[in-house]
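These notes open a run of structures that come right after.
Next, two complexes with chain A in common: one pairs it with chain B, the other with chain C.
== the complex of A and B ==
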């Protein structure tokens, strides 16, 4: 099919189904969010008073939101580093054939299959100040989830463990792609295990490492279920990450305008980080 | 100086099967030893056991009077070239070659000198800044060899290093390897399945089959004095022809009848060979072997004076290959293909018949059951 000017329009028809799906589930909510972030809303979420960037200035001057940003950053750093290190360590451990390897592989990949809410329930019991196994084993008496100094770390470590499952899979696949004879040559060349890890394993993993890093960062920013169940943003906002703050503003305080503005800020942060990452990738990753 | 001794080396993956069985060999300093055999004969496994990449199931490996069975690969002082080159993809050619030296904490200036020297020998100086991904197969091969020769190892271990190259490049690299061996004066242990490579490169050849050493000898001796049917068939190109024949005693002489007991196609033997056959195999069926280059037409047989000792076999030519310097004729004998290499003047075409004579001095006779060479000279 061609227009009068001879432009071929047939290919665009093939895009219609996927564009429709995107429009309903992505573009509409996205633009609606931006729209709402410019208004004060009523309790039903209907835009009532246009305030321009009022919601944004309010947020950026609020101590609570700045705390949210800080908490989110700490949370993301712990989750990404912890989750990736754990995934890498377990993948390297399971890269050798030995009896029972399947049991270990399954165990390390398992967090992927556990819902964050059920994992949170289990951690809640384990971290319980009176009957929890953590205090019993360590012989301590800490109220892990109700202490502003420890609550964030507990939630972050749980999330890191949850994310390590899929990282384990990514890294295992990456390790499988590294030619075994390279390790053999390195052995004959005289390299020890640590030298082999740094000169062969890490460079060999760099392409998948990059991909995993991007996915992990995005995932970490969006963690919600475990925070909702374990701490509900508390104590004293010490675990009030942006996603939870959005949830609370929208569905407890019915301030949809402010919640939308926070969503937009979160979107911008994630997009900027991803763009920077892709820039770095072109320089640092060897294939 | 390096002496490598393998004593009753065995490799077993399960209780019943041996990948390598009772491998015994003394490798002397500066030797170019070739392990050759068909795929799965255990030649690579043996090499990898020397390198330390495979555990030795049984037996002893001595390197310079030190028992090395349980030594880590890095402590054995070997340097290895792999079939797929095994270049580190994330490093430049320079870093690839320098890797083993860097790990040994050699001073930078010394590394630089050694890498450049090796690169010069192999004519790859212009490639030093490139990554392996940007190299051709032949260049990668040179880099792999370069990475091995920057060190002064006790021995080079090479696992089919030329098998990924095309025929022309392979022939060229063969000559260069030979030259390199003379220049470096280091022991080389080389694995290949290609008998041409084995014959042209090796100072000594180990022929293996099913994990068992068949024969260890210099190339010429291996060719002239194969220990058994397998070695005879494996060494030489095109390979030796085999057919069944019967031993018939005629006083001091001995007649081999081709095919059946009453065949009129006969070869007469006398002297020691006849004596051996008469004594141990009279009236038995044996396997006769003759190389394609030892089959002649009547004129040549007459010139060589053996036309009376062999009754010409008249055969119908099935395939004819004009090779320029010679012509190869193929015909059928007892169900298998026989080849003969004749002078290029021979004009027999496909479908025509030709009379052929075997040189009785050049025939081999193998025991039907043990497949041993009956005329094998121990220690020759």
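== the complex of A and C ==
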């Protein structure tokens, strides 16, 4: 099928099915969210009163939302760095063949198979101040999840651990792709382990590292289950990350307008971060 | 260049995916909401068929009872299906927690695909009443000349507005005080404290007698509301939101909140009531582990507590504390009630009513009470053998019954459209106050301002 100008339109037909799916599940909700963010909504989520950017200015001037932004940033930084370091460390450890490696590989990859909610429920018991094992082992009396100074770190570390499973898998695959002969040649040249790690392993991993970083950041922003179960955004909103705040506003307070506005802000943040990262990619990643 | 485009596309797709993940449900709510606005009229003229006509009718019952309570519901439903002579079949469905169930109802109600009978928590009362989806229980009670004097007056008071019983109380509970009798004996305390103030006075004795903390007091909005009722004061204006919709809270101007927070903070500062977390169950673990001497909890937690304590010490029960011992007030109830939905089907409505009558029959209620620890809704249930056996086995439950009877309908508590949010706000502010980042007055002020703003906005868009 060709038009007069000779442009081939046939391929575009193949796009229709996927575009339909996108349209229904992505584009329509996307634009509807933007639409709703400009309104005050009633208890059924219908747009009632047009407020323009009112929801946005209200959010950006509210101390609670600014706190959410701050908390989210801290949370994401801990989760991404923690999750990737843990994944990298375990992958490097399991890169050598030794007896029992399968047991270790399985153990390190396991968090990937644990639902965040069930992990959260287990941690809830472990971190309980009176009956939890963490305080028993450490001989401390810290109310981990109810102290605003520790709650965020507990949730973040749990999330980092959960994410480390899939990172372990990515990094293991990445390590397997590095040519073994490079290491042999480096050894012949007298490079030590640390030199090999920084000059061979890390550059060799950079493509997969970049991908993992992007995915991890997005995942971290979206963490929800563990926060809902462990802290419900508290104490004193110290773990009230944006996604949780959206949930509260939409499905608890029935303020879909404000929730949509928060979604849009979150979207803009993640899009900017992702675009910046793809900029950086060109400099730091060697394919 | 090509790679750059691919990269940009990838970024865009991933981020859009994220956004729509959050927005998707919103949209479903919104579109279904638009269709639903046509049925906004209050449907009190709903007709009910005669009992002889309902043969073969099937109704759907949505509930939020999981675990032991869910099993008890299933047993009751099965019994009704097996035994009713009218040919009614009830199809009961667990719809998740109260919040989830209410959200599902909103979406489902639009196409009449939802339930005929639904269990909604007490703080959803205002929402359901104004939704235009329901048939008030009073309509069926009047049509059937049902004797409502059978229903515990302090329970039905909560769900009665303008002398109309809107929904049928089903699983109702009040909070009570649980205490460790062994610790009290060791400390030589014979008078069980009846107020937060009095708990403060015996705090030292209890803690020197081995209690890690005098009271494990969970930060729970419900307790805060109860402590207002216990002072005999109102939570919100317009007669606690019962004369007409509340437009602002009153706990700030009538001093109720300040009294509570002052005592609470005093207990916290003295080390008697450390922060054990949010939610109604947060104080229970410390109590069952023998760390705290006192805890507050729902009557429905009694069995769980006895099971967890497992005879390590003797569990006593007492009335929910007042703020100061001189306060004159009573407890209000929590839990959930049953709402009949208007599906424009007289037969289904009749079948629903027959099922409700079965659920609140003395026999069912005695069973329900014994299985779950919720109050028997029907007074006559207390004459059933099942009930008597249960009280004999768990004498602590008598406290709950006495406390309920000692309260008055005027302490029934507030009706507020934004209650779920208001409760969370109260919890957050109490938390912040305990952590010392703000003082009592600021906490009360923030609480009132934030809730008032929500009420104002709600009234504006939902007129």
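Keep in mind that, in the parts below, the second predicted complex is superposed on the first by the 279 of 287 C-alpha atoms of A that agree within 3 Å, B and C clash if a C-alpha of one lies under 4 Å from a C-alpha of the other, contacts with A are read in each partner's own complex, and residues count from 1 in each chain.
Quick note on the criterion: a contact is a pair of C-beta atoms (placed from the backbone, for glycine too) under 8 Å apart; a residue touches a chain by one contact, two chains touch by 3 or more.
Given the structure is predicted, the values throughout are model-derived calculations rather than measurements.
In this superposed model built on chain A, chain B and chain C occupy separate space and fit side by side. In the superposed model, A:225 makes contact with neither chain B nor chain C. After the superposition on chain A, the angle chain B-chain A-chain C between C-alpha centres rounds to 150°, nearest 10.
In the superposition on chain A, A:250 contacts chain C only, with no contact to chain B. Using the contact criterion defined above for the overlaid structures, shared-chain residue A:263 touches chain C, although it does not reach chain B.
Set against each other, chain B and chain C touch different numbers of residues in chain A, with C touching more. Between chain B and chain C the least C-alpha distance in the superposed model amounts to 19 Å. Shared contact residues of chain A with chain B and chain C: none. Residue ranges on chain A touching chain C, taken from their complex, read 25-30, 32-33, 36, 40-49, 128-131, 143, 145-148, 214, 218, 221-222, 232, 234-237, 243, 246, 248, 250-253, 255-256, 259-260, 263-264, 266-267, 270-271, 274-275, 278, 281. Only residues 179, 181-182, 184-192, 195, 199-200, 203-204, 206, 286-287 of chain A touch chain B when the two sit together in their complex.
Residues 51-53, 72-74, 76, 78-80, 82-84, 86, 88-91, 99-100, 103-104, 133, 147, 157 of chain B are the ones touching chain A in the complex. Considering their complex, residues 4, 7-8, 11-27, 29-30, 32-34, 36-37, 99, 103, 106, 127, 212, 274-279, 285-286, 289, 291, 417-418, 420-421, 424, 427-428, 431-432, 435, 437, 454, 457-458, 460-462 of chain C touch chain A.
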